[in-house]
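In order of appearance the chains are A, B, C, D, E and F, and numbering begins at 1 in each one.
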Amino acid sequence: MTDITRADGRTPDRLRPVTIERGWSRQAEGSALISFGNTRVLCTASFTNGVPRWMTGKGKGWVTAEYAMLPRSTNERMDRESVKGRIGGRTHEISRLIGRSLRAVVDMKALGENTIVIDCDVLQADGGTRTAAITGAYVALADALEWGRDHRFIGQKATPLIDSVSAVSVGIIDGAPMLDLAYVEDVRAETDMNVVVTGRGLFVEVQGTAEGAPFDRAELNSLLDLALAGTTDLAELQRAALASSELGIEG
Amino acid sequence: MTDITRADGRTPDRLRPVTIERGWSRQAEGSALISFGNTRVLCTASFTNGVPRWMTGKGKGWVTAEYAMLPRSTNERMDRESVKGRIGGRTHEISRLIGRSLRAVVDMKALGENTIVIDCDVLQADGGTRTAAITGAYVALADALEWGRDHRFIGQKATPLIDSVSAVSVGIIDGAPMLDLAYVEDVRAETDMNVVVTGRGLFVEVQGTAEGAPFDRAELNSLLDLALAGTTDLAELQRAALASSELGIEG
Amino acid sequence: MTDITRADGRTPDRLRPVTIERGWSRQAEGSALISFGNTRVLCTASFTNGVPRWMTGKGKGWVTAEYAMLPRSTNERMDRESVKGRIGGRTHEISRLIGRSLRAVVDMKALGENTIVIDCDVLQADGGTRTAAITGAYVALADALEWGRDHRFIGQKATPLIDSVSAVSVGIIDGAPMLDLAYVEDVRAETDMNVVVTGRGLFVEVQGTAEGAPFDRAELNSLLDLALAGTTDLAELQRAALASSELGIEG
Amino acid sequence: MTDITRADGRTPDRLRPVTIERGWSRQAEGSALISFGNTRVLCTASFTNGVPRWMTGKGKGWVTAEYAMLPRSTNERMDRESVKGRIGGRTHEISRLIGRSLRAVVDMKALGENTIVIDCDVLQADGGTRTAAITGAYVALADALEWGRDHRFIGQKATPLIDSVSAVSVGIIDGAPMLDLAYVEDVRAETDMNVVVTGRGLFVEVQGTAEGAPFDRAELNSLLDLALAGTTDLAELQRAALASSELGIEG
Amino acid sequence: MTDITRADGRTPDRLRPVTIERGWSRQAEGSALISFGNTRVLCTASFTNGVPRWMTGKGKGWVTAEYAMLPRSTNERMDRESVKGRIGGRTHEISRLIGRSLRAVVDMKALGENTIVIDCDVLQADGGTRTAAITGAYVALADALEWGRDHRFIGQKATPLIDSVSAVSVGIIDGAPMLDLAYVEDVRAETDMNVVVTGRGLFVEVQGTAEGAPFDRAELNSLLDLALAGTTDLAELQRAALASSELGIEG
Amino acid sequence: MTDITRADGRTPDRLRPVTIERGWSRQAEGSALISFGNTRVLCTASFTNGVPRWMTGKGKGWVTAEYAMLPRSTNERMDRESVKGRIGGRTHEISRLIGRSLRAVVDMKALGENTIVIDCDVLQADGGTRTAAITGAYVALADALEWGRDHRFIGQKATPLIDSVSAVSVGIIDGAPMLDLAYVEDVRAETDMNVVVTGRGLFVEVQGTAEGAPFDRAELNSLLDLALAGTTDLAELQRAALASSELGIEG
């Protein structure tokens, strides 16, 4: 696998340089500006005491997420969804994926009747925006939970975070499995898979799509191998970012 | 695995009774009313000569799909999306999934500059609506392609259908992997996976989600085993339905 | 009047074959799949205990209806209203007509503070969809009211149904009045009238429109004669469907 | 019938005072501010050379109408439909009725490839807004057609207006049929009918609705009698308004 | 400045003829049909006891405004915003301007927990619609407040109106400052300014825009001089309209 | 004026620290991340060869702008306008202001048939977002025009930029005029004015609003004095940013 060199010089099994600027926003209870190479996503976590009316009185919290792209985050300017008056299917799909991924590592009872809304806004897009968003959102979420504990909205002994979670894309290009696809790679991939994995190495989401030719079981297996290795590295970078007492941790 | 009996008496590795009423609609170029147990989906394929303007002149066709549920297809009546003025994220997600699944088995060059729109309307929902929709949509698509050939919009020697495609859900309930979940099973599943497979046994989509606890590699593997067995059976039922010269083929 | 033969061989004063599959849906409290020839409408009645907030405390119930067509119920595929983000004027008009027609035979006090929502979804359209919808909706409504009584939401002595109600279209084609127009007739009609009549033979709605030439009083009178004869037959078919203890009553 | 006196002192068979201020707008090619008692509707007719693209090349014109109410035309302020982002069913229904009524008296071939859009905006509402709108719209339409002829968009020998058209409401209150209902009467009516009639006395639309109790054939007949008498008077007032060379004709 | 004569014969420092028909609407608690030359705006004020939920319990009232144009108030017919399903930026901007202008002269505590909604509907547009709207809206507002006092929703000693408010446009055309621009002037103006001034001569809003060339401080000053003179005259006309006990006061 | 010290220690006539990171985006033809204190706005300029259809063939270009705020740019999270399905009045108003301000310094003939869309997305809001947006947008615009010239879409001798443009807010707080209001100041201001000024010191927009008490001419004059001094400084910072050959110029 190692003879193939990619456009940016990486070997097939390498992540792009990952940067996590924790606490980027002065306003949000938790935030991170994350980069996977040239992909840059601003993730904020907004903590609110209380839950939507339909959940009240169950002693449980709620975590949800919204994803969006700035109109010129892409190479060609896209129309704003607010101007079109509708949210597109892709946006919906990714927002839901991020929300599910984060909820998988939160104990809603331990969170108590509090709501966390995660916003992932893509400032610059170069492939892997959803996986960068999930990885950065986890850091913002962790800080917002800490804020909630500090402000006594969450019990001092409660541990709402069960595990960490990160995500990476993998794909098959010219028959070769590759990790963390940049945009130029993504458009050429025959198969494209996004894998969301907890810090303990368990799967939260496996979403594989044959863009070109259908794939067989062996290919699926090598993609999963790559993804597990990549998310192990991302989990380590998340840990480092959260351990640091300062902003701008470099991966 | 075989000692577990399900609410409807099935063993974990059995499909529900599957029925395909081919040619249900008098209007559409291709159609099928498919049942997976109590789940009933009306699939129609509308053939139009020509493609959207942005595709004109490339010598290629286009296949797209829309999914929707009747308001009282479910146990509690849902508001209509037309009344709400917006299509929800789940609807978007499933429409896109059906479209991608069908495009994976169509050779767009062989289709020529023709458009096929597949509508999958759920008349009654009892789990697995998206997988029933994909499986029925393939039958409608095949008939619409035949119609296009009969009407000389598709070349007589062209073979736009590369393969067949069907889909099934699998999930883990109380630790046990199960095939083709009914609604009561779906809501209890810890992990829920939809798998789209071609007639040759290759994967088109693998979408696994940990609804409850994250899953490990071994669990993923047993789910894939079940899904491949199920789609092999579905492919056979599709073949039978299309081979018949009459409507109302029973699976 | 009897020498004129129509495309389908009927005499001018004959209904198309009418079929009422009572209880088609497993989910709804009342339902009927009704056919007027090739027009097929799925009618479901959803019973909810309670009324909208603005009606609470008045001791009265509410009955409302929504009508829609599947995109490929027609000969040319129509865009979905959910995709367009708006409901068209025709849809609104027919939904309101169905609701008014049903409310005309319900005693809202006897219904008590309960709500019934009728959904009429056209699966296949060949003229007369609104009149088939009203006729089928009455059967679904009657069963939902029975369900409400069985579940003690409606008093055991209350008689919320005052009368039955059915509807039929009539029109003038080449100067001749005709009953129950099929689509090919409808587009040619100079005058088109939808008449909603109770089981006792009283008018609930008379909606006559000159599509081509305006009509005189004599023409109006012969159209009403035809309509009253047609609705008398439909009322009989409704009675038979409701009297039967089984599904799939044939008219 | 004549012993009953109404809130405003009218006998059951009398119209309210009707005023037609022809040419109220300086901008529109035709216009009329019409009053039926306290109901006041501003009708403008906008003439455009050319037709919508889907009609081009057929040598025919098009006439359409839009109806709306100012938010405080009613006793309680209503939200604007522009603010709600949707047009309600009632608005749609009335706009379509006005359009059909006007088209019934226009020879589209004689109009040639020209479009006339009629706007009927209710400035003050006191019952009968749709019938006042149709009656006033006809005057605006006639002037716009004259304008089109003067500007050579319509042939000098063409007679696009086949007939005149007006409309009136009738209803049954406490068992008595009455003409031209004011709002306080309208809300009490058991049956409410809007009748659109040409200058020659032929029906264009008959829309009768049982708001309270269903009605029988004898009641229907007396309502039609009243309506025909009322529209005869309205046709006369339209003629007078159009004959005058000045604005502000009083009926 | 006085040698320049305008299309309508005015000197640069003259208003167009201004008419205020106070109490035009029978329905609204306050109303005025105001004309600035051919610009005609119907202003109604709707008084409601109570405030929106988010303001309850603060002992303060609320005043808000909505502006709209009839589709054929302009020379070319515009599409309705209700039909487009969205309110345009210009409409929003003017609605907000009118609301702010009126609130500047209302003491919300003296108003108490009451809401006034002002609707300004342009029946005919010939430049200066927003300034006519503000000027007429003040008259409607004053009458609605009087109505509130008469009906004991406002304390008998409370004086919710702190001052009067009116507005006028000014602009620079061919280098010359001019007052109250008609439409033909407005489109030629290099700079266009709307100035809202209280009866005491204080500014509420100054909105100057360089449509063509940017403007210097001296130009700004002469525009403000003109505007202050114009609003002094408008304040006098408002006083006269409100002093009169009859409708249709002519300025 | 100088004894008053503000929350952040500034004198009334001082700007907050201003930073312009020119070329922040890798994708856009021109971009700047601008900060006015804690207010941070990402401005991108998208250059497209060609103009909207309605402008084609006039030999002129077009410049337009869109403004938006990220949901958690503010202290309390706001709902996304894309989720609400509508753009609010304030957003529309500011987008239009930015567009007009930029067009005032562009010679559309010199630009030729090219379109520039400016996007101003507020990443963090602390007062003055619209003035920061205009000031940053000018830098992005200048770079996009340079790109257009480099790519031969703009003539080599054409000078589409007539002047520079910047903007600042001023307001009266506790009777004292102040420059460049931070959010905590903005909410307390009696009068709030946004002033857009060209590099040569001419006014493009003057938008003054009495939020609390109306203001007199003397107050207006001192606000304009402050604004002109502030925009002189901003113009200098813009020049420095554009003169630099590197990114991240600090003001």
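As a convention for this text, a contact is a pair of C-beta atoms (placed from the backbone, for glycine too) under 8 Å apart; a residue touches a chain by one contact, two chains touch by 3 or more.
None of the values given here were measured: they were computed from a predicted structure.
Enquirer: Which of these, C-D, E-F or D-E, gives back the B-C interface, meaning over half of its contact pairs coincide by residue number?
Expert: More than half of the contact pairs of B-C reappear in D-E.
Enquirer: Quick one: report the Å distance separating chain A from chain D, using the average Cα coordinate of each chain.
Expert: That pair's centroid distance is 60 Å.
Enquirer: Can you compute the centre-to-centre distance for chain A and chain F, using the mean CA position of each chain? Integer Å is fine.
Expert: 33
Enquirer: Centroid of chain A to centroid of chain C, CA atoms only: how many Å?
Expert: 51
Enquirer: If you look at chain D, which of its residues touch at least two other chains?
Expert: 85-87 - these are the residues of chain D that touch more than one other chain.
Enquirer: Quick one: label the inter-chain contact graph as line, ring, star, complete or other.
Expert: Graph shape here is a ring: one loop, exactly two partners per chain.
Enquirer: If contacts are counted as defined earlier, which sequence of chains do you get going round the ring from chain A via chain B?
Expert: Read from chain A toward chain B, the cyclic arrangement is A, B, C, D, E, F.
Enquirer: State the interface residues of chain E toward chain F in the complex, per the touch definition above.
Expert: These residues of chain E touch chain F: 86-90, 92-93, 95-96, 100, 104, 163, 193, 198, 200-210, 213-217, 220, 224.
Enquirer: Taking the complex as given, what residues does chain D use to touch chain E?
Expert: Against chain E, the touching part of chain D is residues 25-28, 31, 38, 42, 44, 46, 48, 66, 68, 70-75, 77, 80-83, 85-87, 91, 117, 119, 121, 123-125.
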